[in-house]
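What follows is a single structure, and I will ask about it in a moment.
Just so it is clear, A, B, C and D label the chains in written order, and each chain counts residues from 1 on its own.
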Amino acid sequence: MNIRRMIGKTDLDVLIRDLISAGKRVIAPVRCGDSQHEALEYAPVRSPAEIHWAGPLPLRSLKEIIFPPTETLFGWKQVKSSVEIEANPNGFRETVIIGARPCDAAAFEIVDRVMGWDYRDDLWFGRRQATTILTVACPHGDESCFCPAVGLSPESARGADWFLTPADGGFEAAILTQKGEALLEPYKAQWPEPNNFSKQQLSGLESKVRANLKVQPESIRQWLEKHFDDPLWKHVALRCHGCGACAFVCPACHCFDIVDEPEGIDRGRRRRNWDACQPALFTLHGSGHNPRKDQAARFRQRIMHKFNYYPARFGEVLCTGCGRCVRVCAAGMDLIAILAEIGRRSEEAGAAS
Amino acid sequence: MQELRDLARRLLRENQVNVILGYECARRGVRPAFITEAADCDRLVFDHRCVHNLAAYLSPRRTHVRALGRPAVVIKACDARAVAGLIRESQIEREETVLIGVRCGGVVLDPADSSPLSSGNIAPRCSACDQREPALFDHLVGEPKGAPAGEASRDARLSEIEAMNPEERLGLWIGLLGRCTRCHACRQICPMCFCERCIADKTQPAWIETSPHSRGNFAWHLTRALHLAGRCVDCGECERACPARIPLGLLSRKAARSVASRYGYVVTDDPAIPTPIGSFQFDDGQEFIA
Amino acid sequence: MSRIGVFICHCGENIGRTVDCVRVAHNLENVPGVVHSIDYKYMCSDPGQALIKQAIRELQLDGVVVGACSPHMHEKTFRKAAAAAGLNPYLCEMANLREHCSWIHEDRERATDKAIGLARFMVEKIKYNRPLATIRIPVERRALVIGGGIAGIQAALDIADGGREVILVEKEPSIGGHMSQLSETFPTLDCSQCILTPRMVEVAQHPNIQLLAYSEVESVEGYIGNFQVKIRRKARSVDEIKCNGCGECQKNCPNQKIPGEFDRGLGMRTAIYVPFPQAVPNIPVIDRAKCAFYRGKAKGVKKAVCGKCAEVCGPKAIDFDQQDSFVTEEVGAIVVATGYQLYSIGKAQESETLRGYGEYGYGAIPDVIDGLQFERLASASGPTGGKILRPSDGKEPKTIVFLQCIGSRDRAKGIEYCSKICCMYVAKHAILYHHKVDHGRAIVFYLDIRAGGKGYDEFVRRAIEESHALYLRGRVSRLFRNGDTICVHGVDTLSGEPVAIDADMVVLATAMRAQPDIASLAQKLSISYDRHGFLNEAHPKLRPVETNTAGVYLAGACQSPRDIPDSVAMASAAAAKVLGLFSNELLEREPLIARVDQLACTGCFHCERVCPYGAIERKQLKDGKGRVIKIVAEVNQGVCQGCGTCQATCPSKSVELEGFTDEQVYAAVNAL
Amino acid sequence: MASSFEPNIVAFVCNWCTYTGADLAGTSRISMAPNVRIIRLPCTGRIDTLFILKALERGADGIIVSGCHPADCHYTAGNYHARRRFAIFRDLMEFVGIDPHRVTFSWVSASEGGKWAEVVDRTTERVRRLGPFRTYPRLARGAGE
């Protein structure tokens, strides 16, 4: 598929208004409410004017649109000795994400692998199916970004249905999927095809963020495979408070907990909630035993899962280099520094052997 | 700075302590440091980027830090209140911890922010702080500092919310707490949240719903604020750690305002003063009781 | 799944009239976990209880909910029935469908709905009840009695006669208390000392009683059956073992002019003294504030200023260097019999709520005395040898005005209660005065005459009719000195006429008040007291001599104003309670107490700080190699009274109160 | 509409004073609104603010917390500790917009059967005027559905 269109700013506004008036949920980066800081978040918009195209990466990733922090799996009601199940009545609402950052959009395809692996997660794929993603070329990078180190880039179209590149006061759109084409359909004839020479040269963002971290995921994986018990873990995890903030803002982390939440004596809901591997509770057994007994073991798990186990099973790392975990960590845990250190050790080991 | 490094070196060399909990420079600004070798003491820094409350690392729950041995910890006046809290509540022994007090003229909100301290980047708690140095310490280092910049009216927002009508307030908090995803960063980083098993993690019964919907979030944040009433040291770490940027300090400061106005209680770094919940006066106010 | 039986009682018509018991039983039948739900006319009757027992046995019930009256009425009944059928009694609960429902509502429909809701709470709660076993703790079968007045003496003798050891602690140099100061006692007019001193001697000689006079309770640790009491033995400056009580020291003490406490300042004593001749123990004590030896030492004079007593003491018992010493005693029960003090009408009051009597000169008129001073004047062993003489000039008063309710029943002065004994002792004073002073005129101002008691009203009538006391109903507004006499201005409210009397003496029946240091003793014992400082009984009617701290009992006027017969009766009752407690080696307690989840406990000890009983102890939790992992809270089973304040305070809910656990309350709330 | 609304009110009371006071109200046949259902605890010291939150989650429209008057506590001090806990909790509740009028705190002694009836009736009437409190239990709706 190689459909391209030039979309003027007003044209895009029309599209967004049409979507909203058609009852679709439109998600886009907007300013955070009640925050003293210049911060963005992905949130439903009621008007195209709310959208912030430029500015830093939104605080939380797009994950919550497909995989909400909490969702009802089903409701139950007990009648004498039998139980009636009430399936989640809500279908999947048609959603269009506008202005997705490449590192967020790419994460969906990476997580698709585990969600569709031994068991197909209907909730994940149901929402995936109902959601169309319009990625925009990344307008902003900082010292925490490292998408090039994990094989992506500020212009990566992975996971996108449309990829938008700023051009001539509007965007040049590449329509990449059938879903994308369906979205374009009503406007296909009105909007012109782009002139090949009008596309803006992006600023040197890619080379800037590439300088933040230069490692090969495979070399990281090889070191990890052999260093489960390395003293490095104890050392790097010292400052970790064991909160789940890194996992909760991560576009690729997808662990969840299932709880039965009573809403009275004979009824309730089974919910699925986000979970994270850093708090001790995550692996605490009923007996009181915890196989991941300290923060070093828990932090190692986070790195191992993303950069060893996941690529070993699914062929790619569970990370899009968005850098949110680095930015959000109040204790100064720095994944870039840790990966750089592991990369260095791996190279040394490689050179020695 | 040199004074701090020399002291740390001496403490390690003389085996008075096994680890110095301090600050060091890293790729992104300043971060907590755990120095176990005298030779590494030159890594230690203290400046206006040292926003972190290192008292949190003293909690017995930090088994990986405890395993390093007897600690010396660098504390600002605000951090000293947390140390006092830990002593008061039997979490650490005063004699087992060496306290290196540092004089402080305010810190920035973001430890990666290397621009000079100004009213624009100062941590809100510092503007209203009149304590340049702790009263609880074994050693006190650093040059005397002047009062930090910024307005002292940080509780204006608190009063603004108090002045709203109940529906507005409920709406505001549904909006704010609705953002909470229950990562529990607020709790994990809090020096006074040291429970072995948090009430929010207790499942039999689950008083506090673990799901991150507003109902569960209200129960969690109200209960946390109540548990911190008269205990919160106002270090601002919960707010700094919150990935959803929820102004959690509003709740704990409301609780602080409540204990201050009702019981004249203000949290200090004197471990001998008991917390207001757990003590009482026969004539405590009861205007709300029929 | 539980197997719960629900039993709905009609209580005749009491519940059935307003609550459709059949509908309640039917509704509960459909609740998950309920396997049996019936209604019956009288559940507490024998056939009713039989229904429960039968169902427990035949249906293997693991929980019983009885919807009937208040659990305060029949919880014990039904738990016993359950136990008789082999069900743990703590798996039986009651829903209060009578006091809390049928008796207070009229709408049958809504009352029935509510009854269903109340029963539902209990059904859900009981799913989380655990079988509990009675707690047994060993009992140290010795008692401590605090206070050596008549109540303490009686309690000590009764317990000692019951074959148990008693330690009797008295803060004064001698036992005897206020009763030893009285002349005669109402309504029989027997001589107070004549009946009291034999009992005092009996105490001193009883093989089971260890008397620690001039001593005070310093601290109390432990719990029922196992108290450790630290007692301060104040320095007498006299060796109790060497002293033979000859009295030479007193005779030779140069300071003979100290107003004596025993005579209420009307007589004099020496610096080394026994309070009164019949004192038990008959061992003197040196008043260090008055003794020349100590005063000289305090001023820094190097040479001993005086040493007369030591010089004349045959057995060399004087010990100027004696210090306070401490003994610790293990006891299983404590009887508090600390008595009372009298209201002082002076300007200075120890409590802000109290006011002195400016209108009566704040006690500055020498011939205005209180009732206890009158007792000393009337006493044959008193300063006047039993003659009624004015303190000011030693003349015999021809007119005495007695004022009742001084302090008592007077909110303006801070005390609204009735001191109970004053009406009677004023009548006694009037009679004694009549006996002792011919043609003496006794005038009594009273508000009401309260003379309930055997022979009491007759006694007051006797004062009026035989001793010709003039009783005027009203208050005296003012007293002032008028030359030799005291002008008494008041109103006779029955005639409405103002009254002015020239009296030679005025006797004030001042209120009985709690002891001044009672709060500190109450804190040591973890018992409560009312706002006047009188110690609280566990139940005003049904547990009048117990306190809310198990193992601590009350006797006498420390609990409220009491006369001698009441104090003695109470003392014997307390002794009976103590002997009952001591009748077994092991003490059985209800197991509804707190329990700590030591894995979850963080050891912040908020619980320790809120526990009203000091039941929280610190325990080291060790790993297999004996290393301390952490220090956690532990509940002392003997001390905990089951209030649950620890649990509500515990941030992580790592302490649970049995019978009211979080799961039980949660389940009930869930059933809303 | 509002007048036909019958609020659902739960009362957490101590065993020794208020529960007994409520027994006395019964013995004295003092009529009162049938909207209040009592859960018995040993002492106000045992009454946790979590009970209040959970009751609101479960759809209680109003709540009563009642125990012994100061200086009257069967356990000497449970009510004093409870008083501080409730005072601060009430301030926080109000601060987040939960109307404190839905929660009545009271001291009712074993001899105050009449006062108990008053507390029940006044609370019922006040909560009836405030209307059903659906907002709170429904806070969970909409999240991820």
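Here is the rule we go by: contacts are C-beta pairs under 8 Å (C-beta built on N, C-alpha and C of every residue); 3 or more make two chains touch, one makes a residue touch a chain.
What you see is a predicted model, and the numbers here were worked out from it, not measured in a lab.
Student: Please identify the chain lying most centrally, where each chain is represented by the average of its Cα atoms.
Tutor: Taking the mean of C-alpha atoms per chain, the most central one is D.
Student: Using C-alpha centres only, name the chain that sits farthest from chain D.
Tutor: That would be chain A.
Student: Could you see whether C-D or B-C has the larger number of C-beta contact pairs?
Tutor: Result: the pair with more contacts is C-D.
Student: With chain centres taken as the means of their Cα atoms, state the distance from chain C to chain D in Å.
Tutor: Taking the mean C-alpha position of each chain, the two centres sit 33 Å apart.
Student: With centres defined as the mean C-alpha position, give me the chain B-chain C separation in Å.
Tutor: Roughly 48 Å separates the two chain centres.
Student: If you average the CA atoms of chain A and of chain C, how far apart do the two points sit, in angstrom?
Tutor: The computed centroid separation for chain A versus chain C comes out at 71 Å.
Student: If you average the CA atoms of chain A and of chain D, how far apart do the two points sit, in angstrom?
Tutor: Averaging C-alpha atoms per chain gives centres 46 Å apart.
Student: Please list all residues of chain A that touch 2 or more other chains.
Tutor: Counting only residues that touch two or more other chains, chain A contributes 69-70, 261, 264, 271.
Student: So which stretches of chain D touch two or more other chains?
Tutor: 48-50, 54, 58-59, 71, 77, 81, 85, 137, 140, 143-144
Student: On chain B, where are the residues touching two or more other chains?
Tutor: Chain B, residues with two or more chain partners: 172, 199, 207, 209, 211-213, 216, 277-279.
Student: Which bits of chain B are touching chain D when the two form their complex?
Tutor: Touching chain D from chain B are residues 161-162, 164, 166-174, 177-178, 199, 207-209, 211-216, 218-219, 222-223, 225-226, 229, 251, 254-255, 257-259, 262-263, 276-282, 284-286, 288-290.
Student: Name, in rising order, each residue of chain C that touches chain D in their complex.
Tutor: Chain C reaches chain D through residues 70-72, 96, 98-101, 103-107, 110-111, 113-114, 117-118, 121, 526-528, 530-531, 548, 592, 610, 612-613, 641-645, 647-649, 657, 659-660, 662, 665-666, 668-670, 672.
Student: Could you pull out which chain D residues touch chain C in their complex?
Tutor: Residue list for chain D touching chain C: 6, 8, 10, 19-20, 22-27, 29-32, 34, 37-43, 45-51, 54-55, 58-60, 71, 73-78, 81-82, 85, 117.
Student: Under the definition above, what is the set of chain B residues touching chain C in their complex?
Tutor: Residues 60-61, 89-91, 194-199, 202, 204-205, 207, 227, 274-275, 277-279.
Student: Can you check the complex and tell me which residues of chain A touch chain B?
Tutor: On the chain A side, the touching residues are 32-35, 37, 39, 59-60, 64, 69-70, 143-144, 234, 237-239, 241-245, 247-249, 257, 259, 261, 271, 273-274, 276, 279, 281, 293-296, 326, 328, 330-332, 334, 336-337.
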